[in-house]
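Alright, structures below, take your time with them.
The same subunit A turns up in both complexes below, where it pairs with subunit B and then with subunit C.
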Partner chain A sequence: MADILQILILGLALGGVYALMGAGLSLVFGVMRIVNLAHPSLIMMGAYVAFWGFRLYGIDPIVMLPVAMVILAATGVLLYKLVFEREAKSAKYSEMTVLLTFAFAMVFEGALATAFTNTQRVTTPDYAVDAIFIGNVFIPLGQLYAGIVSLVLIGALALYLKYSRFGYAIRATTQNREAAELLGVNVNFVGLVSFAIGLALAGAAGALVSFVFSFFPSKHWEWIAILMSLVVLGGMGSILGTVVAAYILSVVAAFVGFFFGATLSTLTFFVALFVVLLVRPQGLFGEKPELA
Partner chain B sequence: MTIHKLLAGSAVGAMMATGAMAEIVIGASLPLTGAFSISGAKHDQGYQLCVDLINERGGINGEPVRLITSDNRSDPATAINQYERFINVDQVDAVFGTFSSRLTFPVANILARNGYVHPAPAGGALRIYTQGHQNLFYFQPNAAEYIGSSVTDMIQELIAEEDRPTTAAVVVADDFFANAVEAGLLGLQVIDPADGSVVEDMAPGYLAEAGIEVVYTEKWPEEGFNDWLNLANSVKRSGAELIIALTASAEEAVQVTRALQTVRAEPKMVYYSQGTQAEFLEGTNDASEAILVHTSWHAAAPYEGVLGGQPFSNADFVELYQERYGDFPDEDAAIPFAVCQGIEQAIIGAGSTDNAAMGEWLYARTNEDPVRTILGRFAWDERGLPVDKPFLMAQWNGGELQFVFPTDEFETSPLNHPKDGF
Partner chain C sequence: MSSYDTVDQIVAARKAYNETLAQAADRTRVTWLPVLLLVILALFPLMQFVGNYNYPIHLVLYTLMYVTMASGWNILGGFTGYISLGHSVFFAVGGYFAGMILARYGVSTIIMAPVAGLVAGLLGYMIGLITLRVRGPSFIISSLALVMICRILFEKWQFVGGAAGLSLPINDLPVQWAKLPYYYAFLVMAAFGVWVAYRVKHSKFGLGLRAISKDEIKAESAGIDTRFYKVLAFAISAFMFGMAGAVWGEYLTYVRPNIFVHILYFSVWPALMCILGGKGTIAGPVVGAVLIVAFNEFFVATLGASAINILATGLIMALTLMFFPLGLIGTLARYRKLPRALNWD
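Moving on, here comes the complex of A and B:
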């Protein structure tokens, strides 16, 4: 029983981190239909902000989190105005953004490697390798803190989307961009703000990832497939779905890893991706695609 | 434009072409980005430093050396393409090998087919050396399958019988190199992927020979694995006294260590296949204490090599590397430096960049008349594996990587045993 409880805890702990990593990706797709393959490289940027804050000034990565969010949000505004705004009305916008963001991922990786070298980094606050032990069961503090912060941020975003006036506009744009525009929503501005929020979430996730995993510029390639699995299972564009998927897949992967081996543990994410696309392409919380 | 100007331009062009032919061009495809980028970037530094120092000393046989480096993104197909380009487009005079067994294995076929000497700084898996290549020279002590003997020899020679670990947990990255080390430790068969034949049967394995029972094994996929805590918890629950983590990169070694620290594992001894790098210490801090790592190079090893036709010691390398890059070197920079020394000596020995002659000269080396590098002497057997060259066992103590075994080569530090938790 202790084994089962332990695996459940470890799965949930990892799920909390994945949830925030996937939330920004989901938001940006939901509002803008941008499949942002550069999202993990932006998470990496947030991780470097937290790392250098800790290394140079001893600032805890969780304290550096708002700084990472602001820097990434500003990057988002810049990127949106320079690149993504132009073709937003194009019928092929989503397809274009796949290639565009893939290119950006490579550019960001190169820029990070140039600025910070390819050396692996990890932020090392004491709690990152500490745990609370209750009998034979332990709760890793680093992942616990990361999971709590992640849920607070996602909860705040959910409340903002649900109860603020601008949140209505974002949700309306997510549901039907043309209808929202007809009703007077400035969809371009909504897109800009949503993109900035999405990247701010990447920055926050980066700050948390910086003490949970070690990282280096090209590490993002390992994350994109996992994050896409979460977003697809949750339903493209559904933040709630992404969070639920993150917890489900992390827990399932933890059990698979324990009972069937670590190799199959990682495979869980990709099997889920295939199964969802075959059986329920809209994911758990996504809308069923309209037939042309 | 007058005819005179045309003639003058042609003359300058001809002179430039002549000048270009009077240099020795060497190509190296390295994983500067991607999974192996940490080691790849250091290999680049090692190669570049060596080439620059050769040029400062007047080049090879009076000709300057130009190094062409390409980033293969840790991708085997790209590495193959880049070496083919070096050979067919750039028409390089020689090549330096790439990093990691995963890339070296396919590249070996290309270089063999084109008759180029293949000095490999990495790529220790035995099956690379059983393909019948006559042009392959490995610049580390031995094939990865044999590394385990250094670990068990050290245990048996340095630790009293009652203090030796009796059980082991072996966790392995599903990687060419890590799998090779695992095969030796666990006594597995080394299979040739081309025809399924058995290259070597490592049974019963070094651990079994040393009387150490393997109580837990696990393998994780080389990419995308993040569930380190689950893995570490299983290792801890196995109660193994010796934890062996065969990682493919220093980054994985950091992840394993932090996870073992979090779950508060308390083994007697820990051995990693990677972790000599400064980045490992930075990522693990005090948890690195008493962790053992095998290495091909150590800063304190009093090796005397040759560079630019002049004596060049390991200490010279350490000093000049620090002067150039501001960091303390590790084996990922030292090994490629030794490769470069080997190629320089081969060109001088052959009297030209004729790769066939270079290969013959390298094969003719003996322990009495070896290639002399900052990694010590090199002479190779018919497979391209060094002869009579032991791996060095090093241990992190007090933030310093100390050389602990074998004890009959140089001055060693005492083995810190048993390990006091993480």
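Moving on, here comes the complex of A and C:
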């Protein structure tokens, strides 16, 4: 029983981080209909920002988090202006952007690996290896902090989308781009801002990931499939769905890992992705099979 | 009013018109160039008599392998419009199947290549039945998931050697001739691949595939069995990958999951070659394969690192997609600047 509870806690602790990793992806898809396969490589970039901040200046990764967010948001603005704005006119837009973001994933991976080599990295603030014990179950402190920060950020995003005027415009664009444009929403600017927010979330996730997982540039391939499984299971574009899916899959993966071995625990995400795409392409919370 | 009286006459007139178009295309087609290329490549290993050309032979062999795969990918990605980034799965399946036969029974992979292709094609048919139900981005993502699943399965499957993979015997030819069986095998495969792409493009089947890529719902309502057509296209492209994988395993002398299910080299590169050369054209994949292998050699020779390679591949892909989405051949053809020698359609 204690085992089961322990696995459940470990799964839940990771769920928050996965949720934050997927939230930006979901937001960008919702507003711009871009399946951003470069998202995980941008998370990697955020992780390196935190890593070098910690390694060179001893700054705590959670303190580096806003820095990573700003850097990544700036990257997002640049990418949007240079690439995605002009692609909006393309006839095969959705397919085209998948391939394009895939290409950019390779560019970022190559750039990171060239600059920092493919060595495994991890930031090691004191709390990353600490844990608190409640009875005979333990909660790893690093994952707990990461989970809390993730939930705070996702909560802030949800509140922003729900109550601010611009968030209202973002939600309108997600629901119906043409109608929003007709009603005077500058959808191009909304796209730019939500792309920047999405990438800022990637930066934040990167800073948290840097002490939760060890990372190296080519690891983003694995993350692509993991994040896609969250976003697809949750329903493309639904941030709530992504969060729920992140917790479900993370707990399931923890159990699979416990009973069948650690390599098979990642397989959970891939199989889930495959099955959901084919059985229920709109996911749990998606309204219509947009992608099918 | 029309000067035709019956439907039959209209059909006959249209047939005659299409016939004249086809004949005009035949007259301008430069058939001698591919044939000449084939003869030159077939005679190229004779250079071994006058010096050591092992490395150029390796490069040509490598390019020919990619011509086979890119031409196969073209049938699905170019004609049908379903972008797969997971075809390395079929490459690995071909490699493992023929590798196991070679390791157990000593039958050369070159003989087994068509069988390995059939196995990969059959698997492709079955996977296609499932994954081709979704379209566009979903299909691309499902193909990526397939690679991830397949890689873990091969690493876990102890019967085929797990993560360490299979070691295969080295042939006992003298070193200057050791590459030649594989060289000719890949030459035949590449020629076969291009020929198949040509035949598909000029068949009713190919016409159906192109209709699917333009508008699947209209194609369906025009009476095309779209499901069967696209699954068959998937199987044919998997067949090419399986054949190439089979011989590549013996050439490398080992089959290993992290090399054979490699997403960059055996999934993305064939796709990139097709896109760079021109999706849906016959000469496109060939031109793309030559260019990418040449780029790769250039980067490895000048910069050395493999990470730079990934960066360069990504950059080429991004720039091509942004500025020449039709690819080299497609863009030239659109502006009517395509030299006749490269119009193999």
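The criterion applied here is as follows: the second predicted complex is superposed on the first by the 282 of 292 C-alpha atoms of A that agree within 3 Å, B and C clash if a C-alpha of one lies under 4 Å from a C-alpha of the other, contacts with A are read in each partner's own complex, and residues count from 1 in each chain.
The working rule: contacts are C-beta pairs under 8 Å (C-beta built on N, C-alpha and C of every residue); 3 or more make two chains touch, one makes a residue touch a chain.
These numbers were taken from a predicted model, which means no experiment stands behind them.
Participant: Subunit A superposed: clash or fit between subunit B and subunit C?
Facilitator: clash
Participant: Give one of first, second, both or neither to describe whether A:74 is in contact with subunit B, with subunit C, with both, or with none.
Facilitator: In the superposition, A:74 touches no partner, neither subunit B nor subunit C.
Participant: Where does A:217 make contact in the superposed view: on subunit B (first), on subunit C (second), on both, or on neither?
Facilitator: The answer is both, since A:217 touches subunit B and subunit C.
Participant: Please indicate which partner A:119 is in contact with in the superposed arrangement: first for subunit B, second for subunit C, both, or neither.
Facilitator: first
Participant: Now for A:103: first (subunit B), second (subunit C), both, or neither, which partner does it touch?
Facilitator: A:103 contacts subunit C only, not subunit B.
Participant: In the overlay, answer first, second, both or neither for which of subunit B and subunit C A:281 touches.
Facilitator: It touches subunit C, and subunit B stays clear.
Participant: Using the touch definition from the top, say if A:158 reaches subunit B (first), subunit C (second), both or neither.
Facilitator: Once the two structures are laid over each other on A, A:158 reaches no partner at all.
Participant: Tell me the contact category for A:273 with respect to subunit B and subunit C: first, second, both or neither.
Facilitator: Second partner only.
Participant: Just subunit B (first), just subunit C (second), both, or neither: which does A:240 touch?
Facilitator: In the superposition, A:240 touches no partner, neither subunit B nor subunit C.
Participant: After lining up the shared chain so the two structures overlap, which partner does A:95 touch, if you call subunit B first and subunit C second: first, second, both or neither?
Facilitator: second
Participant: Please state which segment of subunit B collides with subunit C in the superposed model; the candidates are 45-53, 81-89 or 207-215.
Facilitator: The superposed arrangement places subunit B into subunit C at 81-89.
Participant: Using the superposition on chain A as set up above, list the residues of subunit A that contact both subunit B and subunit C.
Facilitator: Common to the two interfaces on subunit A: residues 109-110, 113, 117-118, 217-218, 221-222, 225, 263, 266-267.
Participant: Contact residues on subunit C for subunit A in the complex?
Facilitator: 81, 83, 85, 130-131, 133-138, 140-142, 144-146, 148-149, 152, 155-156, 263-264, 268, 275, 305, 307-315, 317-318, 321-322, 325
Participant: With touch defined as at the start, can you tell me which subunit A residues reach subunit C in the complex?
Facilitator: 35, 37, 83, 86-87, 90, 92, 94-96, 98-100, 102-111, 113-114, 117-118, 217-218, 221-222, 224-225, 228-229, 232, 263-264, 266-267, 270-271, 273-274, 277-278, 281, 291-292
Participant: Show which residues of subunit B lie in contact with subunit A when the two form their complex.
Facilitator: Of all residues in subunit B, those touching subunit A are 32-35, 37-38, 40-41, 73-74, 174, 218-221, 223-227, 229-231, 233-234, 250-251, 254-255, 258, 261-264, 279, 282-283, 285, 287.
Participant: Please output the residues of subunit A touching subunit B within their complex, sorted ascending.
Facilitator: 6-7, 10, 13-14, 109-110, 113, 117-122, 124, 128-131, 133, 138, 140, 142-143, 213-214, 216-219, 221-222, 225-226, 253-254, 257-258, 261-263, 265-267, 269
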